[in-house]
Amino acid sequence: MESFRDVGRRLSNWGRWGPEDRLGTLNHITPERIVAAARAIRTGKLFDLGLKVGSAGIQPAGGARVNPVHLMNITSLDLRGRDDNAVVADDYIFMPLQSVTQWDGLAHFGYDGMFYNGVPAETVTTMNGSTVLSIHQIAAKGVAGRGVLLDVAALKGVERLPRAYSITPDELDAAEARQGIKVGPGDIVLVRTGWIRHFTVDGSTAAYWDGAAGLGLACAQWLHARDVAAVCSDNWGIETKDPTRNDGLPLHAVLIRDMGMTLGEILDLDALAEDCAADGVWEFFFTAPPLKVVGGVGTPITPLALK
Amino acid sequence: MESFRDVGRRLSNWGRWGPEDRLGTLNHITPERIVAAARAIRTGKLFDLGLKVGSAGIQPAGGARVNPVHLMNITSLDLRGRDDNAVVADDYIFMPLQSVTQWDGLAHFGYDGMFYNGVPAETVTTMNGSTVLSIHQIAAKGVAGRGVLLDVAALKGVERLPRAYSITPDELDAAEARQGIKVGPGDIVLVRTGWIRHFTVDGSTAAYWDGAAGLGLACAQWLHARDVAAVCSDNWGIETKDPTRNDGLPLHAVLIRDMGMTLGEILDLDALAEDCAADGVWEFFFTAPPLKVVGGVGTPITPLALK
Amino acid sequence: MESFRDVGRRLSNWGRWGPEDRLGTLNHITPERIVAAARAIRTGKLFDLGLKVGSAGIQPAGGARVNPVHLMNITSLDLRGRDDNAVVADDYIFMPLQSVTQWDGLAHFGYDGMFYNGVPAETVTTMNGSTVLSIHQIAAKGVAGRGVLLDVAALKGVERLPRAYSITPDELDAAEARQGIKVGPGDIVLVRTGWIRHFTVDGSTAAYWDGAAGLGLACAQWLHARDVAAVCSDNWGIETKDPTRNDGLPLHAVLIRDMGMTLGEILDLDALAEDCAADGVWEFFFTAPPLKVVGGVGTPITPLALK
Amino acid sequence: MESFRDVGRRLSNWGRWGPEDRLGTLNHITPERIVAAARAIRTGKLFDLGLKVGSAGIQPAGGARVNPVHLMNITSLDLRGRDDNAVVADDYIFMPLQSVTQWDGLAHFGYDGMFYNGVPAETVTTMNGSTVLSIHQIAAKGVAGRGVLLDVAALKGVERLPRAYSITPDELDAAEARQGIKVGPGDIVLVRTGWIRHFTVDGSTAAYWDGAAGLGLACAQWLHARDVAAVCSDNWGIETKDPTRNDGLPLHAVLIRDMGMTLGEILDLDALAEDCAADGVWEFFFTAPPLKVVGGVGTPITPLALK
């Protein structure tokens, strides 16, 4: 079986958009494709695909990422005696940038000492974060374009795919066929596994993080062949994960590091999927601008799908 | 002269969208208007209107809001000896939610013990933030719709309007006439004053926060009459501010509390303005989804304008 | 049965050290008593009574207080190419001030709208914290003086007292008699219940916070009669707590608000207790200076006992 | 002139207390010396040598270390409707561990890839901080022992020594002679330069951090010969610093890395010095327990001097 390094070498986009490129497959999003994507806004329905940001979040107890902590800095207690009798409120947040619905930036994951486009691991420092592939740069692309939802859970006739389920390229083709849509260049693909229902329906953060259903490594080829701009899912790492196997995150390795693909994780796709099933329209205008953190390797997002 | 309380009473939207409404003038954004707004995407040009998020930000030394502090949680130092030789990076942020380009939520400002729609000041608590008007709720609207830029600095023939300059409704009309555009129901209006150049061009946070050029109180009537959904500007409070006068923020009071208008502050409008001047097109699709902070009273944003 | 309000009224120290007093029973610590306390240092043995500060701390999942988050700001990654080839490391912390071994300050707890000495509840604001009873002021007392350990668990012949066990004044007398020591004016009393072993031995934060063994309300009288300067314990609130009863924290109310007593919580007293049992000496020099947080209502501490 | 590497090699304490030692010169503090030190408590006077912790702190604008940010988590706004009518307040802090009066731990500074006792630089990771020389371990020593103040500013007849003033070993001898005291094994030496008056008297953080008066490199030999346990000062780095010279921090290198000495920085010694000058007694019991941060490389402290 082909190792992830072999797959990565085969699908590598290094140099494809020049030696200084910092955007990877987001380059597939072009002005023409944005214009075309805008035509997908036909009814004005808007779907917010992000989780709430707060202490009751999806992060499990005891992990390296805590749930966001929201603290107030000004409340009505601070305003006594103002002439205008104003009431002001102000607030702070402390959070891991990847603790909620998020983009993984291109400096989030690499291997063998390098990130996408041959950028050395040492370009991420403790003080400055990512000095070359900082997430704030993707704001130049928005991210905005045509989104396509592929509902693999529905394809398989289940509410959620089982733990360690590995989606194949054939199943992506089958989802397309079933839905009557075709993923093309510059699209942002949203793969629904139903995995997030462990949290959104059952309220279990432990179950959510105990492995995952998701894309198998072979899907890298599929995403590459279609010139996909970015891939999102409702699981936490796009890819399948068997918690009993210590095999890392091979699809992360290939997608982020070799192909330069920005990954959208922990999206709640259920309401959107229901609507798409109802009207038979699986495309939409998708936008999820990053928080422009200088040096950031990830960013919380509130992705929007507009139909 | 009419007090801000009188203006507020006259322009009040309390009850207009029901006693339980939490969105205020964002209700002017309708599906139909979103569809119409999408037609403004004609060339696929994308403008990111947000400042970078980091320690070299716009917050002045010694203020109640510090600049964002970005800290790494995982770097290459943490990954020695992994089988897959992976390089992983992860990060945290600590920041005031209103320290960069931002939305002021409807629980950010009120007076006489109440916020928009009669919500009591006490609904904002220290532990829970805003329990009724939490900013995360505006994600249901996106915020997305037609944006219109009114370049008042250009109208007056200056790079930036002077400190304490108070823009009048007539000048908004004049800007429309000069640009050949008309603000209508559900639009998001972006008022360019040039004030942010104190920071973006001169690098002075002190000058930026020492008063401001902006809308005069009388503009509340104009925004109300046009059924504007939200208003944004490149200054820090939408409104004019004379630092030598202790007169509070009367336009905040009327817009946020009485009209229920979400305000977008500290946007960098210069590149967009230049493009609009060049092609004569001053409308665009505008989107700026909030960070969905539960209890939040403000949110950092990366607003996008798509033409 | 006497209500906590009645007890508090009877034992009130309001005005005892003047209307402007901010230190309460710490005033019992006098220079003479510090000199006398120093004589308790006879062997030079030092006991650190504090828990470690970090993510694997005693705070339970999902509580209002998270465990401390320690983040690096500078590591060796940041120092490449320095002339002196220096290696520098720097770090940050984000933590609730009362998440580890701690002092409860006099602005941490009150009732009926007032803190100690009639200070209004409104003197604690969201922006400024405690503007009158800020914890930093206790640094003027150190806190340093004679410490006396009363091992009630040992008195009862158990490793730890059971949940909701309520220690009586008679038991404090009996512990003194058993140990051959007498608590006197200006002493800091450390009451060992063994309760912390739920965390330190069993590793269960849930069990630790599910009620507690501790002092009964009647002990307020005992502490008052002895002119105790401060009281510490290995539980989280000094007092007994039956998790099935919704009766608040009545001893907190009387000790902190009426008597003005600073409380030391979550101390690990096991090693000290073992040593005291071995040599029969239950007194020591005790010191636990606060972090001087301006406006702080609590402070993490590393209490030291020197014998 | 001898390089700092040569000095360090000559004065190295590596291996002196075993290959696994993590405490360095704090090992000079022995039980006997603690007992002797306690005898310095003669009058019961207590001096708090720490700065306040808060947003109006000593950190300059724009530095890598921000001033501490104190935020409330519970105030009276959160307690409405409790049966006991309780008033509770709780708070958080976000701060660099070395932003106020502090200990530099042994993992704060090294060179040529190593910290004290040959511990590799890589033992400090971004996620875990210092895995070998973590600051929490010094709590085992307290730090507590005999403190001796050497007032070099007074020796030179000035309120504060000038910028880049380099104190010599002869001046330390002269300060001893003038004061009639002799520094010996296990002592904690406090060197007063008056430098902190740039902040405490003049309120200028910029002047405070623009170089410093402090110990010259030659003083390492003096501290070594006397078997000093730790050295503190009112400047920010113990050592002299000429801001116009790019010569690093050579005394840091020798003291922390080669000798294994914990450094106490940013102490306010003025009140203590005044008292010592008045009564002619320059020794005292000194204690400054660390915050026991797991992985910490520094710690804020509130040092106490008891006479």
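Order of writing sets the labels: A, B, C and D. Residues in every chain begin at 1.
Operating definition for what follows: a contact is a pair of C-beta atoms (placed from the backbone, for glycine too) under 8 Å apart; a residue touches a chain by one contact, two chains touch by 3 or more.
As the structure is a prediction and not an experimental result, all values here were calculated from the model.
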Could you classify the chain A-chain C contact as same or different, where same means more than half of all interface residue numbers appear on both copies?
same
In degrees and to the nearest 5, what turn takes the CA positions of chain B onto those of chain D?
180
Cα centroid separation between chain A and chain C, in whole Å?
46
Measuring centre to centre with CA averages, how many angstrom lie between chain A and chain B?
26
So which bits of chain B are touching at least two other chains?
55-56, 64, 69, 72-77, 92, 94, 122, 124-127
Make each chain a node and each touching pair an edge, then name the shape: line, ring, star, complete, other.
complete
Any idea which chain C residues touch chain A in the complex?
55-56, 61-62, 66, 69, 72-75, 77-78, 80, 94, 122, 124-128
Help me check something: in the complex, which residues belonging to chain C touch chain D?
4, 30-35, 38-39, 41-46, 48, 50-56, 64-65, 68, 70, 72-77, 82-98, 100, 107-115, 121-122, 124-127, 129-130, 136, 139-142, 144, 246-250, 253, 285, 287-298, 300-304, 306
Mind pulling up the chain A residues that touch chain D in the complex?
64, 69, 71-73, 75-77, 92, 94, 126-127
